[in-house]
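Each chain carries a letter (A, B and C) given by its place in the written order, and its residues are counted from 1.
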C-alpha cells in the first residue's frame, strides 16, 4: 500500500506559513517548558511546608558548597581537615565550642563543624544518586509491567513482593558486613532495592490507569509501536509521580546511611552517622555535657530527612490536583 | 390556578474557586404549583444542577447563596440553619440523583437503605410499617417487593434507578427533583422509567423539577419548561408554547439544533461559539456573543425576565415573534 | 452499488470469561458474532445499538485495535482488495494510514501532556512522513480545515486549555492527517452539548466530501444517525438484526427489536405522541448464548419455530432492506 497524498495548500495563508517558518520548534518548546515550570512553582510556593523544606535543603547545600572553599582559603588543612586534622591548640579532646571551633572538636581532635559540612556533600550525593537509580528502575519496570502484563508483570511483581518482605535495614547491615560498602556502592544497593521494591508497585499501579486511557488506543491506531507508546505516552505521564518518589527515596537513603554508619558498617571517610559512631565508641553517646558531639549531627540527619519529606508532600499536592485546596 | 408551593425569587449562587468567583446561578426566579412538572433544560455548566442543590441546600463548602429567597409554602429556606433545613429536606423536597450506583451503598440491602432514609427523616417511625411502605413503593416504581432484600449489585442499571426513585418517594415529598435520572441508561429503559416517573408524579400529585440537557426528554415529562443559559433562566413557558413559539433566540437555536427521528429531515442550525466562562461572564445578556440578533444594548444591559402573555416569560432585548 | 470500499464477512470476536494460565476458558462472551456488511466509497454507514450490543467492539476490530476471532475485513486499496483482518507488523502499520478512528470522549483521547501540535503530528511521526517543517505545515493546514483558526494560536496549547468541542476537532484533525480513506467514528458527538454537536456533525460531513472519507458511524442515538448516515445497521447482542437505507429503516422498521428501539426514542415535540411498543427485560450479557435467535427471550412475537431454529440469517425484503427475523 502506498501513502495517499493530498494537497491541503489552499487552507493556509502565506502569512501563517511564514510565521511557522520563523518560529523554530525548540524555542516554542522551551517557552512552554518554562511556563509550566512557573505554574508549578506557583502551586508549590502556596504550600508553606514545602517552602520550609526547600529552605532547609538550600541551607545544607550551601554548607556543602562552602566547605571546599573554606578549606582552601580560610581553614588550615592540618587543623581543620574533617578526617585527618587535629586541633593542636586545644588541651583536651573533645573540646567544647569556642571561637576557633564553633562546634567544638571530637574525641580525636577534629573540628566538628568541618565534619558536618563535609558530610553534607556526601549525604546529598548518596541521596540523589540512590533516588535517581530508584526512579529510573521503578519507572521503567513499572511502565513495562503495566503495559505488557503477563509473565513480565508476574515476575517483577513477585520480585517486588520479595524485596518488600525483606527487612530493609537488616539487609543493608548484612551486605555491609559482607562487602564493606562505600558510598557509591551503598547508593547503588539502596537504589536497586527500593527501585525493584515498593516504588515499582506504586508506579505500576499508576501506569495501569494510564494504559487504559483512550489516547493510548489513539496512538496504536496511528501506528505507534509498543516502544513508542511507552516512551511518549506512558512514561511522560508517570514522571510527576516518579519525581515525587525520588524525594521520599532521598529521605530513606540518608536515614539508612546514618543507621549503617552508626554501627560502623560502612567504608566511608566521614558522615553524620559516622560522627555519632565516633562519639559512641569513645563513650560519649548519652553524655549531655558533650552535646556538641551528638546534637549537630543528629539534628542535621533529622532536618535534612524531614526537609526532603516535606518537599515531597508539597510536590504531592502539585502532582495530584485532588489534594489541592480549592 | 392553584397556589404555588415553591417560589424561587432572585436566587443567586456563587462558587468560590482559586481563580475567583464563578457565578453559577444568577437571579433565577420561578414558581412551581402542586402537581406541576417543570423541566429545567440547558447545556453542561448552565447552572441547572446548581439550582437543584440550592433548593435542597446541599451546598458544597465553596458554594454560597449570595442572594434571593426560596419560599416553600411561604417559608423562606435561605436563612434557615442546617438543623432547620433537615426538617424539610427529603420530607418536603427530595431528589433523584444522576448516578444511581453512587447513591446506593453497595454493602447494604436496598430495602434497608430506603428504610434508613425514612428513619432519619420521619418522626413516628416503626420498622414493620416502614417495610410495608417500602414494599408499596417498590410496587409503585415497578419493582418486585421481594427485591428489597437484595444488594445493589444484583440489580440492573434500570432497576437501580427505580430503587433510587423509590428512595426519593419514601417520605411522601411534595416536590421531587430529578437530576438527569436517565442519562446513563439505554433508550428502551429510559423510555420506561420516564413513563413511570411521569405516571407516579401525576398519581401522587407531586411537584416535579426534571433537570436534563436533552430537550426531547424534557418534552416528554414536563408541563412547563425553563431554559437556562450561563447561570440565568432565559425563558420559561408551558411545554407546548416553548417548543412551538420560542421567544429567546437561544431557546430557538437549541430547538432547531436538536435532531429528531420523526417529521421531515430539516436542516439543523448551528449556534456559533461556545458557552461563556462563568468566571468572567460577558456583560449584559450572557448570550450576546453567540446571538445573531445582538445589538449594542445586549452588550450593556441585562434584559429583564418579563412576561410576554400567557405565563410565557423570557429575558431578551430582541424577542422573536411567537 | 459499485465496488465496496470495506467488505466485512463473518466477523466474530469472543472474549474468554476467565483467564487461566493452564486452563482454556470454557465460557466466552460473544461480543460480535458472524457480522457481515459492506460500505461503498463515500458512503456513511451507521452502526446503531444499545450498550452491550457489540457496536464498539466491531469498530475496534475494523481498525485492528482488537484481533478478530474469525472472519475477514476486506479493504479496497489501489484497485484491489486486501484482507486486513490478518495483517501483521509492517503491513499493519502501513494499513493504519488508510484506516483511522475518532473516539467518543475528547477528554480521554488526547494525551494531557502533549501539545495540540504533538498530538496531531503523532501519526505523521510514527509513520515517518515529512520533516519537522513539513509536519508543522500539515498540522497547521489540518487545524484550519477543522475550524481552529488561526492555527498558530492553537498549535502550542494543551488539551486542558480547550473546550470539549475544540478537543473533538483536534481529535478529528489527528485522525485525518495521514489521509485515511476509511474512518471509524465511535460516538464522536455523544459527549458534546447540543449547541456544539451540530457543528461537529457538519464538520465531519464536510470533511468527508472534501477529503473523500468514508465513515462507519457508531452511535446509540438514532436521531444523530439519521443526519449522519445514508444507511443504518442495527445491532443487538453481537448480531446485525436489521439493515436498510436510513429513512426506510426509520419509517418502516421490520424487526421487532428495531421497532421497540425506534418507539422508545423521545421526540423533541410535545404535540407528537409516540406509539408504545414495549419489550420485556433488558439487554443480557451474551455468555455462550444458545444458538436460537438472540432476541428470542424478549421478543413479543416469538413462537416455537423461533425457539427450535438457529439465529435467523439476514434476508433481503426488497430495496436493500435486510432483516434477521423469521416472523416478518
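Just so it is clear, contacts are C-beta pairs under 8 Å (C-beta built on N, C-alpha and C of every residue); 3 or more make two chains touch, one makes a residue touch a chain.
All values reported here derive from a predicted model rather than from experimental measurement.
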Most widely separated chain from subunit A, with each centre as the mean of CA atoms: B
Most central chain, Cα average position: C
Centre-to-centre distance between subunit C and subunit A (centres being mean Cα positions), rounded to whole Å: 48
Chain centre separation (subunit A, subunit B; CA means) in Å: 52
Subunit B and subunit C: spacing of chain centres that average the CA atoms, whole Å: 33
Sequence positions of subunit B contacting 2 or more other chains: none
List of subunit B residues in touch with subunit C within their complex: 43-44, 156-158, 186-192, 194, 213-217, 219-220, 239-240, 243-244, 253-255, 257-263, 265, 268-271, 274-275, 290
Interfacial residue positions of subunit A with respect to subunit C in the complex: 1-6, 8-9, 11-12, 16-17, 19-21, 23, 25, 28, 32, 213-215, 217-225, 228, 232-233, 236-237
Residue ranges of subunit C touching subunit A (in the complex, touch as defined): 60, 63, 65, 77-78, 82, 91-98, 100-101, 103-105, 108-115, 119, 122-123, 126-127, 129, 132-133, 136-138, 140-142, 144-145, 150-152, 156, 171, 174-175, 178-181, 211
Of subunit C, residues touching subunit B in the complex: 50-51, 163, 165-166, 193-199, 201-202, 220-224, 226-227, 247, 250, 260-272, 278-279, 282-283
